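Before anything else, here is the set of structures, which you'll find just below.
Both complexes below contain subunit A, partnered by subunit B and then by subunit C.
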Partner chain A sequence: MHVVVLLKQVLDPEIPQKAFDVDPVRKVPKVERAPQVLSIFDGNALELALRLREARGDATITALTLGVERADEVLRKALALTCDAAVRVGADPEALDSRQKARLLAAAIRTLEPPDLVLAGRQAADWEAGQVGAMVAEELSLPCVPFVSRVEAAEDPLTVRQQLESGYAVVRLGGPSVCTVTNDETNVLRAAKVKDVMAAGRKPLRVIAPEEIGGISGLGPAVELLALELPAKRTGAEMVDAGSAEESARALARRLRELGAI
Partner chain B sequence: MARVLAVLGLQGQGASASGLELLGLGARLARATSGTITALALGEGAGAQGERLLAHGADDVLWCADEALARWPGEAGLRALERAQQEVRPDLLLFSADSLGRDLAPRIAARLDAGLITEATELEFSEGRFVAARPVFGGKAIARMAATTELTVVTVRAGAGSALEPDASRAAGGSVRELDAAIAPGAAWPTVLRREIEASDGPRLEEAKTVVSGGRGVGGPEGFQTLQELADALKGAVGASRAAVDEGWVPAAWQVGQTGKAVAPDLYIAVGISGASQHMVGCSRAKTLVAINTDPDALIFETARIGVVGDYRELVPALARALRELA
Partner chain C sequence: MDFRLSPEQKMILETVRSFVQSELMPLEAEMQEAELAGHGNEYPDLETVDRLQAKAREFGLWGITTPEEYGGTDLGTQMAALISMELAHCLVPFQLGGYADNILFHANEEQKKEYLLPTIEGQRRSCFAITEPTAGSDATNIRMSAVQEPGGDWILNGEKIFITRGNEADFAIVFAVTDKEKGARGGITGFLVDRSMGWTSRYIPTMGSWGPARLSFQNVRVPARNVLGEVGQGFPLAMQWIGNGRVLIPARAVGQAERLLQIGLDYAEQRVAFGHPIADYQAIQWMLADSAIEINATRLLVMHAAWKQDEGLDNRHEASIAKYAGAQTANRVADRVVQIHGGMGYTKELPIERLYRDVRLYRIYEGTDEIQKRSIARNLLRGSVRIGEWD
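Here is the complex of A and B:
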C-alpha cells in the first residue's frame, strides 16, 4: 500500500496579532523573521499515515510538498518521522491559486507509484482555503472523503471516520481515494526520535521542477486577491471584580441582565 | 441579471437556520442584479420543503431526495449538483460552509473551472462582480477576493447573511420541481456504513442563544461538567477550543473556531480560553462575549466585552446560582 501525504510549510499561526502586519501592495503578510512551521492539519494527516502503516505493516509513505527551497524543512521533518520518501515541487505557493497548486501536486503524484491513499490536511494554517486536497482528487479523478480523523479498520477495504457537525460517519473506501484530515485526540503529531532526526539528514530529497511535469500552461488563476487588510482594532474588556467569586458572579449576572444578554 | 443557485443540505429535518440565512443572502444578491435565485434542496425530505423555501426568498426550487445522497453524500451530491448546474447555468453558486458545502464546493469548482472563495463572512455585488471577504491567517487578516471566471463559487459562514421574513404569498409565483439526477453509483465511491450522531438534550451548538465554551484552562473532562451545568441553567450549549478537543476531553463536534464551528449566539462565555485568533474567528459574531480566565494578561480580554479574572471552578457555579437568583 502506498500512501502520499501532502504537506505545506506555513507562516507560524501562533504569531501574535501584535507581531503581524500586512503589506497592502503585495497583499502578503509582513512579519519579522517569519518563522515557518508544518501546517497543523498536515501534521494530523501525517500522524494518521504513520498509524496506518503501523497497523498494516505493508505501507510506504511518501511526503509531498509544493514550495520554495526552505520548505525542505517540512520534508526533513517527515523523513525524521520515518516517512519512506520525500518529494518537493519547486514552486512558490504564494504565486499560485488553489487549482494551480492542485494541478502541480497531481502531476507530481502521477510520477510516483500509484497511491492507494492520498492524505492532506483539511486546510492550510495560513490562507485557510480548504480547497487543495479536494481539487487534487478532481485532478486525479479520485473520490474524496473530507474531514477524516482516524482509520477505523486498516485492512482492505479501508474504513475511515469522517467528522460531521453533530457526530461522525464511518465510511468504507471503494479503492484509491483522497482523504482530507481534521484533528481529534488520536492524530496529534508525534515527536521524532533523535536518531531518526540524524538519519533524516542523509536521506535523499527529490525536487521536481513544474516544467518537468507539464506545468500549469493554459490554467490561469481563477481567483483574484483584491486586498489584504488587518481586522478592526479591539478595545478591551470591561472587567468585573467585586471581591469574592460569589460577589463577582452576582455582579456579572446583573451586568448581563442590563445588557439584555440573558 | 445574475442567476444564483443556493445549495441547501437537509437530513430529514427541514431547512436549517443557516440554510435559510444562505437563501436570504442569495436572494438579496440576486435582487441587487435584478436576477433570480434557485434553491437546490438536497437530501431526505427535500421534496416537502418547496413552499417554505419559496416563502424565504427562492424564485424557484429544485429538489433531490435520492437515497444515494445518504450513502454516498459527496459523489452523489456532485452528480446532483452537476445536473442542477446544467439546468440553471448560475453565475453564483452558494453553499453554507458546513460539511456538505466544504465537501462539494472545491470539487464542483474544479470540474467547472470556476473560481472558489471559501469561508466568506461577507459577500456583496460590487462593480459588476461578486466580492467576498474572509478571515485568513487565523483571523489576523481579512482578505477580499473575487473570481476571475464567469461562475463564482462561494461557501458562506454562519452570520454572513440573514434569513428573509417568510412571505407565504411568494409561493404562488415560483415553481418547485424534482431534479432528475439519475444517480448511478460508481464502484469506487466511498460508502457511508453508519452515522453516529451524538445525542444532546440541549440546543444545537450552531443555533444556541447561549454558548459556554471551555479551553485548555478547564483542565480536564470533568471541568466540562461544570460548564454543562451553567449551559443548562441558561438553556444553552457547550463548546470547546481546539486545545480541549486535541486533549480528548470533549468530542470534535464541540469545537468552535476557524477550523470548527462558527457560532453567533447572543451570549458566549469563554472559560479558560486564551483567545488565539484561530478560536476567536469562530465566536466573534456573538453579541456579548464574556471571558473567564485566571490569567489577567490573557489575549481574550482584548476581544471580550466583559472579563472576570479568577478560577472558573468557583466562578462558574457561582454564576449559575446568581442567574437562578435573578430568574
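Here is the complex of A and C:
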C-alpha cells in the first residue's frame, strides 16, 4: 500500500501577534524572519499515515510538499518521523493559487508509484482555504472524503471515520482515494525519536521542477487577491462590574441585550 | 559565524519540548503540593525519576553524551547544552538517563562490565566522592587514606562530604591518598567502591532540592582490581570529572533563568498597581531587561564553551567563564523575579522561592564562583589565553 501525504510549511501560527506583518504591495505575509512550521492539520494527516502503516505493516509513505528550499525542513521532519520517501515540487506557494498548486501536486503524484491513499490536512494554517486536497482529488480523478479523523479498519477495504457536524460517519473506501484530515485526540503528531532525526539527515530528498511535470501552462489563477491588510487596531473595552458575580452576570446580560448581541 | 540551529537541532529540541510538555510539566503542580506539605526538597523521588527516564528513552532521549558503542546517541556537547536548557524550562528537577560519569570510561574492560555498563543502563547508581570536611575547593588536600595490605587489598579510612547521589549510590568513585609525600602529584588514587564493601552514608539536609550525603569509610576493604586507572594517577581523573560539568551546569542555569524571566514577564503584565500593570513602570522594565541581557550573554558563553569542547579545543577557560556566568545569572534573575512578585514571590504558593533557594547552589558546587575566577585570572596572568583573541 502506498500512502502519499501532502505537507505544507506555514508561518508559525504561534508567533506573537506583534511579530506578524503583511506586505500590502506584494500581498503576502512577511515571512523572511518568522519561524516556519508544518501546518497543523498536515501533521494530523501525517500521524494518521504513520498509524495506518503501523496497523498494516505493508504500507510505504511518501511525504510531498510544494515550496521553496526552506520547505525541505518539513520533509526532513517527515523523514525523521520515518516516512519512506520525501519529494518537493520546487515552486513558491505564495505565487500560486489553490488550483495551480493542486495541478502541480497531482502531476508530481503521477510520477510516483500510484498511491492507494492521498492524505492532506483539511486546510493549511496560513490561508485556511481548504481547497488543495479536494482539487488534487479532482485532478487525479479520485474520490475525496473530507474531514477524516482516523482509520477505523486498516485492512482492505480501508474504512475511515469522517467527522460530521453532529457526529461521524464511517466510510468504506472503494479504491484509491484522497482524504482530507481533521484533528482528533488520536492523530496528534508524535515527536520524532532522536536516532530517527539523525538518520533523516542522510536520507535522500527529491526535488521536482514544475517544468519537469508539465508546469501550469495555460492555467491562470482562478482567484485574484485584491488586497491584504492587517485588521485595524481598536482599543476600548467596557468593564462590567456590579459587585457580586450574580449582579455582574445580570448587568452583562442587560448590556449585551442593549447592544443587540443577544 | 552561524548562530542558527540546524534542522536536526531544531527537531531534537522539538522532541525534548514534546517530552517536557507531556511528561514533566504535569508534575509541577505535584511538586508545589510537596513543597507546601514541607517535603518539596525530596521531590521527585527516585521511582519517579526512573519512570521519567524510561519515558524519555522512548523518545530516544537517552545517553545523549554517551558514545554510540555504549548504547548512547552521542549528540555532542552543544546539543547536550541545548537539551539541558530546554529541560530546565520545567521547574521539576530532572536529568536524562543513559549517562555515566565520564571517568568511568577510563575503567578497564572488567570494570566497565561491572560498573560502567550497568550505570549507563540505570541498573547501578554511582556517586563521585572527593570533597572532605577539610578539603573542598582545595581538593589536593584530601586526607582519606588508602593503605595497601600485603595481599594486595586496599584499606580505606576517612570521611567524604557533600556527595551528590551519595545516599542513592550503590558504588562510589572515591579518591584517597595512597602516597602522602607525593600528594596530588602522583599520590592520590581513584577507587571503585561498592556500598556492600562497607561504607555508609547519611543524608545532609540543605536549603534546596540538592540532597547530598556524608560518606563514612572505616576500614573499608577494597580489592586491588577496583583501582580506577593507575595507582597514584587519581587527581587528574578527578579534575576531568569536575571539568566535565562546567558546560552543562550553566546550561541548566540558563534554562531555569529563562523560565523565571517568563514567569516574571507574565506577572508584570498582569499585576496592576497604581492603576497600571507593573510592566509599565521603568523599575520593573529594567529588571526584565537586565535579566534578558544576562541570560542572552550567558547562553552564548555556554554555547561557545560547548562548541570548543565539540571541536576538541581546550575549553577550560571558557567553561570557567560560563560556569561563573551561569551561577551569577540564575541567582540575579531569581532575585529579580522574587522582587517583581513582591510578597507573592516570597511565599510557597508559587514555585519562585524554591528556585531562589535552589540556584544558590550554582555559586558553590562543582567549583565555587571564587575558584572559577581564580582559574580565569590565572589563565590571563600566565598568558595561556590572550585578551581579545578569537579561536
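The criterion applied here is as follows: the second predicted complex is superposed on the first by the 231 of 262 C-alpha atoms of A that agree within 3 Å, B and C clash if a C-alpha of one lies under 4 Å from a C-alpha of the other, contacts with A are read in each partner's own complex, and residues count from 1 in each chain.
Here, contacts are C-beta pairs under 8 Å (C-beta built on N, C-alpha and C of every residue); 3 or more make two chains touch, one makes a residue touch a chain.
Since this is a predicted model, take the numbers as computed values, not measurements.
By the touch criterion stated above, A:Gln9 is placed in contact with neither subunit B nor subunit C. After overlaying the two complexes on the shared chain, residue contacts for A:Val197 are found with subunit C alone; subunit B is out of touch.
Comparing subunit B with subunit C, more residues of subunit A are touched by B. In the superposition on chain A, contact of A:Lys77 is made with subunit C only, not with subunit B.
Look at A:Thr62: by the touch rule set out above, it reaches neither subunit B nor subunit C. Of the two partner chains, subunit B is the only one that A:Ala125 touches; subunit C does not reach it. When both complexes are overlaid on chain A, the residue A:Gln100 reaches neither subunit B nor subunit C.
In the superposition on chain A, A:Glu229 contacts subunit B only, with no contact to subunit C. Once both structures are placed on chain A, no subunit A residue is touched by subunit B and, in the other complex, by subunit C. On subunit A, the positions that touch subunit C within their shared complex are 72-73, 76-77, 80, 190-198, 200-201.
Per the touch definition, subunit C reaches subunit A in the complex via residues 7-8, 10-12, 14-15, 18-19, 58-62, 64, 73, 75.
Residue ranges on subunit B touching subunit A, taken from their complex, read 74-75, 98-99, 102-103, 106-107, 109-111, 113-119, 131, 135-149, 186-198, 200, 204, 206, 210, 234, 242, 245-248, 251-253, 258-259, 261, 266-267, 276-278, 287-288, 290-291, 299, 301-311, 314-315, 318-319, 321-323, 325-326.
Residues of subunit A touching subunit B in their complex: 11, 13-17, 20, 22, 27, 29, 41, 97-99, 102, 122-123, 125-131, 133-135, 137-139, 142-147, 149, 159, 162-177, 182-185, 188, 220-231, 234, 236-241, 245-246, 248-250, 252-257, 259-262.
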